[in-house]
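Both complexes shown next keep subunit A, but they swap its partner, so subunit B is in the first and subunit C is in the second.
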Partner chain A sequence: MSQRVLREYRRLVAAGGAANESNLHPTDPADLTHWEATLEGPQGTPYEGHSFPLRVTVPDKYPTLPPSVCFPKRTMPHPNVKWDTGEVCLDTLAGGWTPVMDLQYAVMAVRRLLAEPNPESPLNLELAALSRLGDHKAYDGIIKYRLAHSSIK
Partner chain B sequence: MAPPRSQRKRALNCTGALVAAVGLGVTCWYLWKNYTGEAEGEQRLSREEAAESKCVVVTPSVCDVQNMVHWEMLINSDQEDIVFLVAPGCHDRFSSEVLSLVDEQFKYKAINCETVDGIWYCVKSLMKQQLYVIPSEVSNGIPNDIARYVQDIGQWRTREDILVAFPV
Partner chain C sequence: MECSMTGTHALPFADAASIVQSRQKDEQIEDILIKKFTNVLQALKGQLFTNMHPTGIARATKFIYLLITTLRGVSTLGEEYVDILYVNRSGRGLPKRYSRLLFILSTFLGPYALAKLTKRLRKGDDEGNMNLTSVFDGMIDFLLQFHLMTFYVKGSYYNVFKRIFGLRYAIGHKVDSAEGKMREQNAHTYKILGYVVLIQSVSKGIPIIKELLKTRHKSEPQINENGVLTEKPQTTISKISLRDPEVMPFISGPSRDCTLCLLPMTNPSCAPCGHTYCWDCLFKWCNERPECPLCRQTCAPQQILMLRQ
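Then we have the complex of A and B:
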């Protein structure tokens, strides 16, 4: 395990809850390769009022390589998230990653993505098409439907 | 010494009665089992039917039958996997005549679409088993590729078709 991720963990613990808005924490403190965070739906979006667990996996070559993130399957209706797998498409976590970024930055980038989807690199084709079309009512309606429906099941 | 003839006859009668009773019991059990088995089958069938997911495109004629079908009862049922895609031009009417009667927790089952293309993207996203639509009330009709996203398309032509699909 890289010293870098260990430093990030110590920094998060030392900073306490206020500095850790998304409650980013390792699943098991003895294993810093698997982390979890909770994203609150941004205000003014159809995600408002919902909380979303996010899983973060740290590769051996972190921070040279970015962490990988995913939502639990069929929980996040979003143009850049594959509904059936929870896979996230985000430039920050691919070609746009640099080692100066950290896990908390990665998680906040995913949260920003909820409010600012990028329909040009979609993993959910229909939601991306609705976003491009500018049919905001249908776009919001599908997201709210998915969120309500998946919480009932 | 052999038992007297009357005793043998009585023993034979008892055995016969016992066999008849067992036979009657087995027959009754068999008939009961078949009956309850059929009933279970019917229940299973109705559950499967209830589980069929439906998507209804709301156009003017769908609003017109509200007094007969009572769409709000379908929306308010947590047994019904049903979603309504409200076409442009029908939002206010569906909202005032149907959604005003729907519990807040189920209002998510009605999705307003500002464009006709938006309706079809919603259909593709939702992938419900059954799609109900009046093609003549949707501009350009049903796109060819929609059939790949639903199992069955109920194409309504008249209001009577709606009442057949959703009997009162």
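Then we have the complex of A and C:
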């Protein structure tokens, strides 16, 4: 396990809660490989008023390899999130990763993705197609419907 | 020349020039034999076999060549070419059959033994005995050079194993005064060559001896009375740590931390773009992807520069 994660944890604790909007924290402070964060739905998007738990997993070769992030399955209707698994497609956490980025940066990148979906690399074809067609009414409607029927409020 | 040492019934010892010439001729013959032998093996065991064991085939060929010439007491083609033959150390008799056999066996097995010994020493090196192999190699090198130098100056033994087992060459015919004069002149040229080799080996040997003394000096204080290493062996390049504010004071405040490991930099090293990280951190990443982690400018591992004070 990389010492880097431990140092990130110490910095996060030292900076205090205000600097950690998404409440990024290890699931178990004794094991820094699994982390959790809570993303607030950005204002002006269909996600507004909802909050979403995000799981972050740190690989052994971190920070050479990026952390992997995942929503709980069937909770996040989003063009770049696979509905059935919660898998996130984000360039920052794949080919665009460099080791100067940290876990907090990764979580912030996912939060930005909620406000700015990228329909060019979709994991949810239905939503991506609606977004590309410009049918915002249907797009927002499906998201709101899914969120209303999701177990997470 | 040592001709004066020889008595009435003894043949004069051969000079360096003819010994070298006979050796060259023999090498030519051996090359031809190796080629023929390889061809035979290729027909019998296939191309793959001959490609896999070129040194083994060469050694076996030389071994057989010596068995059917020197062991039987017959001259090799090279020896016949310059008309020299083996005599014992005193020059008054032929060398014993067993010493010839030992000579042949040792020329055959010597390189194997040396390779094995070096391998074992190298294993010891991995366990922390730094420099032992290089010192050993240096010593062998030095001894061989010393041997060569002695040969050039005295014209005695060209091969180390011939020196050990006392196989000396003598000229196989009566030498008249004109030939003797020519041989003496040749010997003189070889003597000069010998002194050149001496100077070379001494200049090469001094640093090796120095190193040997240094390693002994270094290893003594590290081992306590229980025979346990108390210090790590010193590496040749000392670490530069920016933890110490005295080190590289021109790097200020937060810039002293490596953005990859988030610690004060160890061996600060920069990419071609000028961004600085720990050597280890940057090198590890550039092996993964050859670009600067901050600005993504190309940075191949060999382009990383370590900052020195």
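The rule we apply is simple: the second predicted complex is superposed on the first by the 150 of 153 C-alpha atoms of A that agree within 3 Å, B and C clash if a C-alpha of one lies under 4 Å from a C-alpha of the other, contacts with A are read in each partner's own complex, and residues count from 1 in each chain.
Everything below uses one rule, namely that contacts are C-beta pairs under 8 Å (C-beta built on N, C-alpha and C of every residue); 3 or more make two chains touch, one makes a residue touch a chain.
Please read all numbers here as calculations on a predicted model, not as lab measurements.
Q: Does the subunit A-based superposition show subunit B and subunit C clashing or fitting?
A: These partners fit in the superposed model.
Q: Per the contact definition in the header, classify A:54: touching subunit B only (first), subunit C only (second), both, or neither.
A: A:54 sits against neither subunit B nor subunit C.
Q: Mind working out whether A:81 is in touch with subunit B, subunit C, both or neither, as first, second, both or neither?
A: After superposing on A, A:81 lies clear of both subunit B and subunit C.
Q: So, does A:145 touch the first partner subunit B, the second partner subunit C, both, or neither?
A: Touch status of A:145: first partner only.
Q: Going by the contact rule set out at the top, does A:98 touch subunit B (first), subunit C (second), both, or neither?
A: second
Q: If you count the residues of subunit A that each partner touches, which comes out higher, subunit B or subunit C?
A: B
Q: Applying the touch criterion given at the start, work out whether A:37 contacts subunit B, subunit C, both or neither, answering first, second, both or neither.
A: neither
Q: Per the contact definition in the header, classify A:63: touching subunit B only (first), subunit C only (second), both, or neither.
A: A:63: touches subunit C, not subunit B.
Q: Is A:24 touching anything from subunit B or subunit C once the two structures are fitted on A? First, second, both or neither.
A: neither
Q: Under the stated touch criterion, which partner chain does A:129 make contact with: subunit B (first), subunit C (second), both, or neither?
A: first
Q: So if I take every C-alpha atom in subunit B and every one in subunit C after superposing, what is the smallest distance between them in Å?
A: Here the least C-alpha separation of subunit B and subunit C stands at 39 Å.
Q: Can you pull the subunit A residues that subunit B and subunit C both touch?
A: None.
Q: What part of subunit A is in contact with subunit B in the complex they form?
A: Those in contact with subunit B are residues 124-127, 129-130, 133-139, 141-142, 144-145, 148-149, 152.
Q: Given the complex with subunit A, which residues does subunit C contribute to the contact?
A: Within the complex, subunit C contacts subunit A at residues 259-263, 281, 284-285, 288, 291, 293-294, 296.
Q: Could you please specify the touching residues of subunit A with respect to subunit C in the complex?
A: 3-4, 7-8, 11, 63-64, 98-100
Q: Touching residues of subunit B toward subunit A in the complex: what are they?
A: 78, 83, 85, 105, 108-115, 117-119, 121-122, 124-126
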